[in-house]
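The chains carry the letters A, B, C and D, assigned in the order they are written, with residues numbered from 1 in each.
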Amino acid sequence: MTNSFLSLAGLELQSRSRMNDALWQYVAGVAGDGLSFQRNQAAFDEFKLLPRVLRAAKVDCSLTLFNEPLAAPIMLAPLALQCLAHPDGELASAAAAMAQDLGFVLSTLSSCPMAEVARAACGAALPAKRPPLWFQLYLQPRWQDSLSLIRRAEDCGFSALVVTVDAPVTGLRLSELRTGFSLPANVSAVELEGMQPAPTTLDGLLACAPDWRSIEALRSESSLPIILKGILSPADAALAKAVGVDGIIVSNHGGRVLDGVPATIECLSAVRAAVGPEMTVMLDGGIRRGSDIAKAVCLGADCVLLGRPLMQALALDGALGVARMLKILKDELAMVMALLGASSLKELNRDCLWGK
Amino acid sequence: MTNSFLSLAGLELQSRSRMNDALWQYVAGVAGDGLSFQRNQAAFDEFKLLPRVLRAAKVDCSLTLFNEPLAAPIMLAPLALQCLAHPDGELASAAAAMAQDLGFVLSTLSSCPMAEVARAACGAALPAKRPPLWFQLYLQPRWQDSLSLIRRAEDCGFSALVVTVDAPVTGLRLSELRTGFSLPANVSAVELEGMQPAPTTLDGLLACAPDWRSIEALRSESSLPIILKGILSPADAALAKAVGVDGIIVSNHGGRVLDGVPATIECLSAVRAAVGPEMTVMLDGGIRRGSDIAKAVCLGADCVLLGRPLMQALALDGALGVARMLKILKDELAMVMALLGASSLKELNRDCLWGK
Amino acid sequence: MTNSFLSLAGLELQSRSRMNDALWQYVAGVAGDGLSFQRNQAAFDEFKLLPRVLRAAKVDCSLTLFNEPLAAPIMLAPLALQCLAHPDGELASAAAAMAQDLGFVLSTLSSCPMAEVARAACGAALPAKRPPLWFQLYLQPRWQDSLSLIRRAEDCGFSALVVTVDAPVTGLRLSELRTGFSLPANVSAVELEGMQPAPTTLDGLLACAPDWRSIEALRSESSLPIILKGILSPADAALAKAVGVDGIIVSNHGGRVLDGVPATIECLSAVRAAVGPEMTVMLDGGIRRGSDIAKAVCLGADCVLLGRPLMQALALDGALGVARMLKILKDELAMVMALLGASSLKELNRDCLWGK
Amino acid sequence: MTNSFLSLAGLELQSRSRMNDALWQYVAGVAGDGLSFQRNQAAFDEFKLLPRVLRAAKVDCSLTLFNEPLAAPIMLAPLALQCLAHPDGELASAAAAMAQDLGFVLSTLSSCPMAEVARAACGAALPAKRPPLWFQLYLQPRWQDSLSLIRRAEDCGFSALVVTVDAPVTGLRLSELRTGFSLPANVSAVELEGMQPAPTTLDGLLACAPDWRSIEALRSESSLPIILKGILSPADAALAKAVGVDGIIVSNHGGRVLDGVPATIECLSAVRAAVGPEMTVMLDGGIRRGSDIAKAVCLGADCVLLGRPLMQALALDGALGVARMLKILKDELAMVMALLGASSLKELNRDCLWGK
């Protein structure tokens, strides 16, 4: 019965009873008044799909990102401390993503050791066609700590680095946890052990925050694809391209960092226009339905990432919950594409939207 | 007293107590979050009527469609399994439509034999001026099954074929019934008996779904007018005209198939523009008032179809309920036309709308 | 205490307890879903006033209409059967208007004899500067009946004829009363006694409804100014000017006749543009505040009329209630004009509105 | 615990229980239906911030106004009778502002003697860098009374005169107090003792209301900077510049004087355009978050003023409450600027806003 949700809206409702209040508040947490969190979802409804008829054909939702295959343009976002939602934490979610032939991004703030996560992921994927397994990097106050994280990720087989740039330093994200929420004794950011903690003042944080030179330095340190996560501004997207970054994730951190910013789907097409058709552009924020994914692809995204639903699905049923959540999205997307008369992702473009 | 509703809003309220929960949910059923269902109705309110004064004259709401007369531009949409709402099912609704000199479209998924429905309809109409009595066709997985349905419809005197194209195959529609709703033993799609059922997977469904070649083949098989139901895209409307289709019904299947599409009234004028002034264009979705009908005609529709109110009226009072529902709409339309200073449907055009 | 309302919003609340349900429903009655009734008020809020500073001067809200003076651009609309709200009915409201140096329009459906109303009005006004006292005319099925009403009005000293044109014949308005509301024995349309009643079918009503020739005939029958009430269309306004009509009241009959039409304030400036700056243009519908009146004048109205608040004020406190209601509006208008830096009505123009 | 609010939204909620109903109503008081009061806050949400990444640097929110320093572009608005909220009244709020290195404007209707307020303020500020301490002037019916107030302000060291021009005379503001609110015996406008009270009629008030000549006269009487408070119209802003006024506060008096006017943030950029980039332009109305301040600066404001939150903070915790309220805004602004990639106020411009 725990597994019986039929949509991500249903998942949200069902998962509520599986989390204690503190966890629920943490997962649902937003910056400010939550305007950007709400807008992320609501803005999708302003784009209308335009179905085409009598074009039914076999629907293929697959793609490749940096030469790795995905069954559909869906990845799990790098959420912190997933053991808060389920004892199996990142081990469960990574395995579920791989089993659905979809991608996974491990957070710097993983509550499971990255080596174990990599093993769980690779065990769940077909060796010849493992989907993307990426590592999200919060650049650390000490460069050597960042390098240590990168080397470990490379050694474990993570195939790209996702650098979060919308929260200047780790500390800002952790501060979130301190508001009415204390970490249980058995959950922590295990990969950060022994590293220098972030300062606790804004001035301190800003003094050690990464800048574009940090990205250039990173570029020279690793041959992995580098993807910047947290860009809304087309100008920043163009800068990212100029410094040799390989991909961008249009994101406002799920409305958790700065309130009063536009929805990610609102920014997407301007970002795509700024970087041209070739660069990899992804999006997170507000994705809850296959139709949302279709709209994002129509407006220029190569792939989307799922955030809060991952924690809800973990809390509800561990790896099985996550797999079910991902499968629902895949099936919904295929159905939407069939009704749009699109047999592949390449056929999803602005002509599939009404009046925009 | 059962018959005492004064508007279709009142009908909806009154009928609620006459249906069990499962039936109510089935009739009210929507795709996704119901955004398109709600928008179908709400979008009418964004068009404002502009009354003209001192032009009162006898109002004539009549028209002909494919040489058959209607007292007003109103038909009953091809709803499945009307015996769910009332034991008389399609027999009652067809007779009610004819008695009001309005048109009726019988669903492939009729719960009454089509020959009996034809007899009931012809018995209720004046022989010399029978209104349109059409047959809605879901193209079947086996072409011979589709042909069998067409031949039966021709033999029974149905005068046009309405091919539903927004739900790729019958199966997709039936699947709706399976969600929390089981058919009573005495209600079934009687005309489909013995035919090959639709596949149950999306790939299977898509493999046998009709395409434009199916329409061309159909065109060569029957001399009846062919009307495609379920078009929102102006490009599809133009294609339909190009392959020799006789009419179009702008429809999003009452918001039951794909959520997040525009309201039908929003698409209407672009569809009309795509096919020119001569082709028959109809609309369903959200019609609840005479003013809605007037707006649809102003924006390019020759006629509208009523869906959910048909099931509500059947449930409330069988044929009498349906007749009353239709009469209210006819009277409301005549009153609206009088206040718009329009003495015939030809005088309903964009000049009757404010500021659009 | 009954007299203690401080705004028309307060009046509405207080008056509710003074009316029985049937009367309340009758006064609050709307066509259809009440969209146009609500929009009449709501549309005012979309226009924003732009205050000017340091221009304070004595504010003069006065004007003349057809050579008769008003202290402010406010008249009472021709509401039917005011004895429903208070035993003194039209006697009270006419006297209250005159005592406030504001205008009054008597309905054809007056529940007090027009001669008595005229006496009450003239008794309350200063002889040398009586404000407008007009007669509203529903053209009757028999021309002789209409003429009889006109002669009586002329004889009683009514100084203009307001011809309602948005409800084709009297009967349509009376039909309203029949819905869940029966007239008390002692209230009736006394001036219509002995006249031929209106038909009860739409066709019948339309057959004897007035048209533009009726207005031309009326023009030749009376030397009084003729004002058409119920125009929304700029084209109709231009026609009215062309046939020699002296004034127009932009009105949708308070949303009681046809739902789904624009708010009167939305139509006003197009109507003004259609007839030029000289013709008298008035407005009713949704006026509840001095700021509403100021906006209407800014957008082209010479004067506004009050409807439902009249019945509410009558029900609450008879003539005193009506006088208080009118005084509140006068005072609010003067305050608004002071804050807009406008010392006379001529200074109220579109420059006083922000961004439209 | 009283001091525990984390945002100005929390402050509002917490302060409610610290005020009696009459005081709460007085502080929350609005003109008309409160549309402009609500719009002041809501309009901020229509402007979206566009974050920039990887530009972190030390954030400096400081500025100078008329050669006096502020730690951030925040001042306390000249609210009347602050002893209503806390026995320390203006003494507390002035000291709190100075202690946060922010500005304070004392109302003509101060409930503490201005000399004592000046002493409290100067005691709380570092002598060498005292933030702005200004005096708000309601021009009095008798010019000599106005002069007396000015001389006292100059003598006490107030460094600018803020002339409120959106409420033509003092009396209009005081009348507000009379509605369901009577002043406690120990609270009064102490600086007005012995002065001629304002008339109580609109005509009387208007007869002695200030005009542009009053401002010119004032200009010649004092060498202090003169700032007009209460301007929404760009034309008035241009006039102010033309007569030699030094600064403008875009304000609609918190929605307390005339309802139905635009939000101040809506008017800001047009006002800025009318006076050019050099003149000091400030804004009050609806500021509740650091992001609101950032938006105001992006749209042309040099500084903002806080109104109702001042009374709420006073009621909650006197000087400590006010200081905490101001600190929250300062910290929020710094965080917003960091996330916008702006290291100083000069870098806040329209490029920081999305799509406007």
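Here is the rule we use: a residue touches a chain if its C-beta (ideal position, glycine included) is under 8 Å from a C-beta of that chain, and two chains touch if they have at least 3 such contacts.
Just so we're clear, the structure is a prediction, and the values are computed from it rather than from any experiment.
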Exercise. Over half shared or under half: which fits the residue numbers at the contact of copies chain A and chain D, same or different?
Worked result: different
Exercise. If you average the Cα atoms of chain A and of chain C to get two centres, how far apart are those centres in Å?
Worked result: 62
Problem set entry | Gap in Å, rounded to a whole number, between the CA centres of chain D and chain C | 44
For this session: Provide the list of chain B residues touching at least two other chains, using ranges where the numbers run on.
Result: none
For this session: Using the contact rule from the top, write out all pairs of chains that touch.
Result: A-B, A-D, B-C, C-D
For this session: Flag every residue of chain B that touches chain C in the complex, lowest number first.
Result: 9, 44-45, 47-59, 289, 291, 295, 331, 334-336, 338-339, 354-355
For this session: Can you check the complex and tell me which residues of chain A touch chain D?
Result: 32-33, 35, 165-166, 168, 202-203, 205-207, 209-212, 214-215, 228, 230-233, 235-236, 239, 252, 257-262, 266-267
